[in-house]
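You will see two complexes here that share subunit A, one where it goes with subunit B and one where it goes with subunit C.
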Partner chain A sequence: MSTNQRRRQWVTGYAFVAPAVALFLVMGLYTIGYSFTLSFAKWNGFTEHWQWVGLDNYLDLLFSDPRRAPEVHNAAGHTAVTMVAVPLGTVVVALPLAVLLNSIRRLRAVLRSIFFLPYVTTGIAVYYAWRYVLEPDGAINLMLRSLGLGSLSRPQGFLADPATALPTLLVIMIWGSVPIAMLLYLSGLQAIDPQIVEAAQVDGAGAVRTLRHITWPLLVPITAAVVLLGMRDTMQGFQTFLLMTNGGPGGHTDVLGLRTYHLAFFQSLSPTLGLASALGWLILLAALALTVLNARLLRAQR
Partner chain B sequence: MNGPRARAIAVAATIALALSTTACSDDDPASATPTLEMWTFKRTHVAALQEVATAFKTKTGITVNIQAFTPDDVFTAKIQSAAQTKDLPDVLELHAGGEDMRVGGAGLLADLAGDFAGPGLDRFLTTTRQAGLVTEERKAKTEELKDAKVGTLYSVPFTAGTFGIVYGNREKMQAAGLNPDSPPKTWEQFLSYLQATTKVDAKQGGLSLGLKVSQTGFNWIYEQLAFAYLGEARFQALFAKDGQRFAAPDAVKTLELYSQLTPYWIPGVSALGIDEADVAFAQGKSAFNVGGTFTMAFLAQNGMTPEKMVTFPIPPPAGGKVSDLRLAALALTGLSVTSTTKDKAAAVKWVDFLSSAEGAAIFAKSSLDLPATDLGAQAQALLGPKLAALQQYFTGPKESTYDAANRSFRPPDYDEVPVGTALLKLSPLKEAGAAATGAQLDSVIAAMWVKK
Partner chain C sequence: MRRATAGEAAGRRARQRLTVGRAIAYLALAFYAAISLYPFAWMVSGAFKSRLEILAGGHLIPRDPTWTTLAQTWNRLNFFDYFLNSVKVTGLTVLGVVAIYSLASYAFAVLDFPGRRFLHRFFIALLFVPGITVLLPLVLLENELGILGTHQGLILPFVNGTAPLSVLLLTNAFRTVPRELRDAARVDGATEARIFWGVYLPLNRPILITIAVLTAVPTWNEYVLSRVSLNDESRYTLPLALEALASENVPQYHEIMAGSLILVIPVIVLFFALQRYFLSGLAGAIKE
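Moving on, here comes the complex of A and B:
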């Protein structure tokens, strides 16, 4: 190949890659850099100049502002609970479901579609539907009362009661994340060599033992993916909290993502975009730390 | 005539026609009249504004396009992005006394002092006239105003009103044996009314309020109650930097009074947004609802017409310092002209018309919202007897008048959310007692004074 041809190939290659690189530079690196820079400033989104405040935004959020710091600590606590409960709950529900689905021959496709419904229907309308179901006179309270379990019903509804608001949201989030986890587990189960399972059964292993000592270890990489995806979603996502409780009642369902959103857009145009950016970066740092920790723990199990 | 030649002539004729049409349109006086864009954050105002815009067009030939962006976070994001792209509309309806100062301080609003200041503001209700004016006090308290000149007018008042208005369902009151034409005069009487309506219907006979927005309880009920019980000076001292604040015995008493509402909230009240609470009342899910003067328009739109309701302000508690509580009208929203408008004269003309007696009358009649323009004797005819009657509570001696617009005694950058959350934990959540709530409020207020 001549030098000219090689150069032409080189130019063609880079020409194909250039749009994607440009898009990443503008939409990715630029916004990341912009947000990082903004986290050291005070700005409301439209004044001409930013007011540089150094590390003040970070320090205010962490401890030095007696107004902001307690709110952030409260939200961080709820976020931590969510980050543990949702991935854990997802695994606990999705794995047995996948094993059951994998073990049956009839109706597998139908059941798989049914279990997958929450994923395809999750959206704003579904969150509103959940709110109606969870109201004081909603379907869940009515069902509990009609089954003679009135003591379990919540007269204030499940979202207005401080004792049940967060657990209820966790259940809804698990409900929304089980389908994709179940599908991942199902694909993992179908990739396991049947001979290994048969060998274990020949050696006298029961269903539970097979699951614990054969299936589970082979599914650790999928579990890692499910847990990491769940942690990422729960740390950054806040739409469920925004739409269903807006952090209430009395801050009992406030989470860091929602706090960031409130700091950015619910401060009567005060210059708090820098604080919101700083909180976003603190969330990212926490997410990175937890992801590394989680990956190491799961690797140690292999 | 051969084909190519005919085609060439046809093309030439088309171009000539197009050019002549363009030339004609340049001379067309109709297309030379300006078109203005106006943004609001209140969807309930759109239809009324459009009606005023129609009358304005008839008079001036100027077209005004009205757009609403809701909820508040969407409106905020829209202003932020439009400011960045220099794509703001000509006129904005903004929250008065706060947002207008911040947007104006950023250089995005035109100074209207030359067009309205002085006698130009005389058309507005007295307590609303200064709402859009940069004063020494506002300059000292609002960071964005540090480069602004005292006397700059960033907005003129548009709608006025006050919080702390109770709406009662006449039918439910009658069913409970209460006389709707004799609304409660004291806090204790109000509680007895609530007791009566909840006795008849425990689930749908109580009080609704949008407590999902936690500060509503504090701003719309507690402050009026505490002002009436403690009197003006002691009420203001609750927010002071030092001294006897909410944990003091008399302040704890006000919190106890507020917590007497606990048995009477409708089920699930803390999960209701402001609109949801109003809708619940309109649908007969509560006997009483607390809002502002602006709530009547929304209730009417949802089927609860004024004749089905009684309205009265939060009644003062017996034995308090103020027995005849008055609620000063404050400017709730203001009209601003942006500094980027291409036709400031037309925009000012629109703001002038909208806030004139004629424009405000059209707006008031259509929206059932109180304009800041003093409608004088025609108020009752335009607003209806119910809303007009509320205006009687706007005037009274200063010491008996609760003025929500007076922020001078509060900490700088006073934040309503944490105080609202503390009160929410007292009632309806019952997570803290009155004394603990007082201590919590003190710590919240102290924190606001520490951080400037």
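Moving on, here comes the complex of A and C:
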């Protein structure tokens, strides 16, 4: 290729990526930089000047502020539980479901569509439906009572009871993230060469051994993707918490994302915007650490 | 002779085991199907109950199913206007995502220019920037630009937010297109734009539809940014309209369920219409 042609390809290349880069420079880079700068200041959003406070926001959030630090610790604990429980639960439900679905022929397409419904409908509408069935006199309590399991029912409703609020939200989040994971596993299973499986069975491998030695190794990368994306979503996401309980009862379902949201938008005139930015950056740093760790683990496996 | 019968018996036993195993499989699958449908079933049930019946509670199948609740909810709240707002925001977001990131991914996958690898990796690394970290500065920025509270102010960040996943999936898909196709087209004198439009896009229709669905569903349901930026009620999207309905004095669950059903039906229809392409696009993404 002549220099001239190569130049022309450079120009074409830049022209093709230009819209994406331009959008990122405005909506992405500026906002990331802004929140980083603001995390070292105190500001309520209305006064003309920021008051620079160095690392105070970070220190306040982590340990020095007697009111906020415990709140952050409480929220961080719930975030950590969610980050472990939701991806794990998703894999534990989605993998067997995909294996079962792959083993049948009749009704497979219908069942697959039904299993996918939670993904399509997830969001505010289905959260309201969940709230409706989880009410004190909702369908779940009534069902438990009529099955003679009244001792398991929650007279206050599952979301108002401190003992069941967080576990209930975890179940709902797993319910919502199973569909995509199940589809990914199903595609992975269907890509496995049936001849290899047959050969193993001829060699006397049972169902469990086939699953363990042939199927599972091929599903490891899918599991890694499901877990990684699940951890990312649970670390950042707080929509379920916001809409179902808003952190209640009494902070029992508060998470870091929700804490940041409250600091950023619901403190009227108190100067908490810097704190909100700092907390956002702590979440970002944790996400980065996690990504690096994950990349290391994956590389070590190979 | 004896060996044959023994073999037959073993075969019969294996078949029986297979039938029992299959029965258990279907049972387990049916059980999870019920769990998948559970809240949705109650949503439909509530939407077809009258005010009196929802207070009586308890039963899934309405004794006296009525369209009145759905009709009233639709009319009383101008749901049609909110529905159009949602269609506009979701539609333009999907269009923007498909246009902008298929162009960029084409460049990442087949063109050669300095900084290509760096830019590509950079876009994918953005997957790990939490939305909540940039939410506040985004609102402040949009306020400065004068687009806070407009639909444009929702669409631009929504598009930008899908960059990592779209670039990841589309670049991988474009790389699987045989290079000879592009070379042949070039020999015929086709421009880069023509090759992109006439060869790469049609060949990758399933993954493009997968990305459209993966963008449309969360955008249709988006709540947080809409909540903190939209003030003018006439610009509300369906999730905000539903919230407004739900926060009116005492929650009236038959109306909330009717509103929820109205919100959810369009995405379900869209998904079933595109399901075939969506699945094959997702399966294609797995293989790489």
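Miscellaneous remarks
Assume the second predicted complex is superposed on the first by the 278 of 302 C-alpha atoms of A that agree within 3 Å, B and C clash if a C-alpha of one lies under 4 Å from a C-alpha of the other, contacts with A are read in each partner's own complex, and residues count from 1 in each chain.
Here is the rule we use: a contact is a pair of C-beta atoms (placed from the backbone, for glycine too) under 8 Å apart; a residue touches a chain by one contact, two chains touch by 3 or more.
None of the values given here were measured: they were computed from a predicted structure.
Of the two partner chains placed by the overlay, subunit B and subunit C both lie in contact with A:Asp137.
In the superposition on chain A, A:Pro155 makes contact with subunit B only, not with subunit C. When the two structures are aligned on the shared chain, A:Ala205 is found in touch with neither subunit B nor subunit C. In the superposition on chain A, contact of A:Leu88 is made with neither subunit B nor subunit C.
Touching more residues of subunit A than its counterpart among subunit B and subunit C is C. Judged by the touch definition given at the top, the superposed model places A:Gly257 against subunit C, while subunit B stays out of reach.
When the shared chain is aligned, subunit B comes close enough to touch A:Pro66, but subunit C does not.
In the superposition on chain A, A:Ile192 makes contact with neither subunit B nor subunit C. In the superposed pair of complexes, A:Leu218 makes contact with neither subunit B nor subunit C. Of the two partner chains, subunit B is the only one touched by A:Thr47; subunit C is not. In the superposition on chain A, subunit A positions 45, 137, 261, 265 are in contact with subunit B in one complex as well as with subunit C in the other. By the touch rule above, subunit B contacts subunit A in their complex via residues 72-73, 76-77, 79-81, 83-84, 95, 98-99, 102-103, 105-108, 143-144, 203, 211-214, 267-271, 273, 413, 415, 418, 421, 424-425, 428-429, 431, 443-444, 446-448, 450-451. Residues of subunit A that touch subunit B in their complex: 42, 44-48, 60, 65-67, 71, 131, 135-137, 155-157, 159-160, 162, 245-246, 248-251, 261, 265-266, 268-271. Those residues of subunit C lying in contact with subunit A across their complex are 22, 25-26, 28-29, 32-33, 35-40, 42-43, 46, 57-58, 60, 99-101, 103-104, 106-108, 111-114, 116, 119, 123, 126-138, 140-141, 156-157, 159-160, 163, 167, 192, 196, 217-218, 220-224, 228, 239, 242-243, 246, 253, 256-257, 259-261, 263-264, 267-268, 271-272, 275, 279, 282-283, 286-287. Those residues of subunit A whose C-beta lies close enough to touch subunit C in the complex are 6, 9-10, 12-14, 16-17, 19-21, 23-24, 26-28, 30-32, 34-35, 38, 45, 93, 96-97, 100-101, 103-104, 107, 111, 113-126, 128-130, 132-133, 137, 139, 142, 175, 179, 183-184, 187-188, 190-191, 222, 232, 235-236, 238-239, 242-243, 257, 260-261, 264-265, 273, 276-277, 280-281, 283-284, 287-288, 291.
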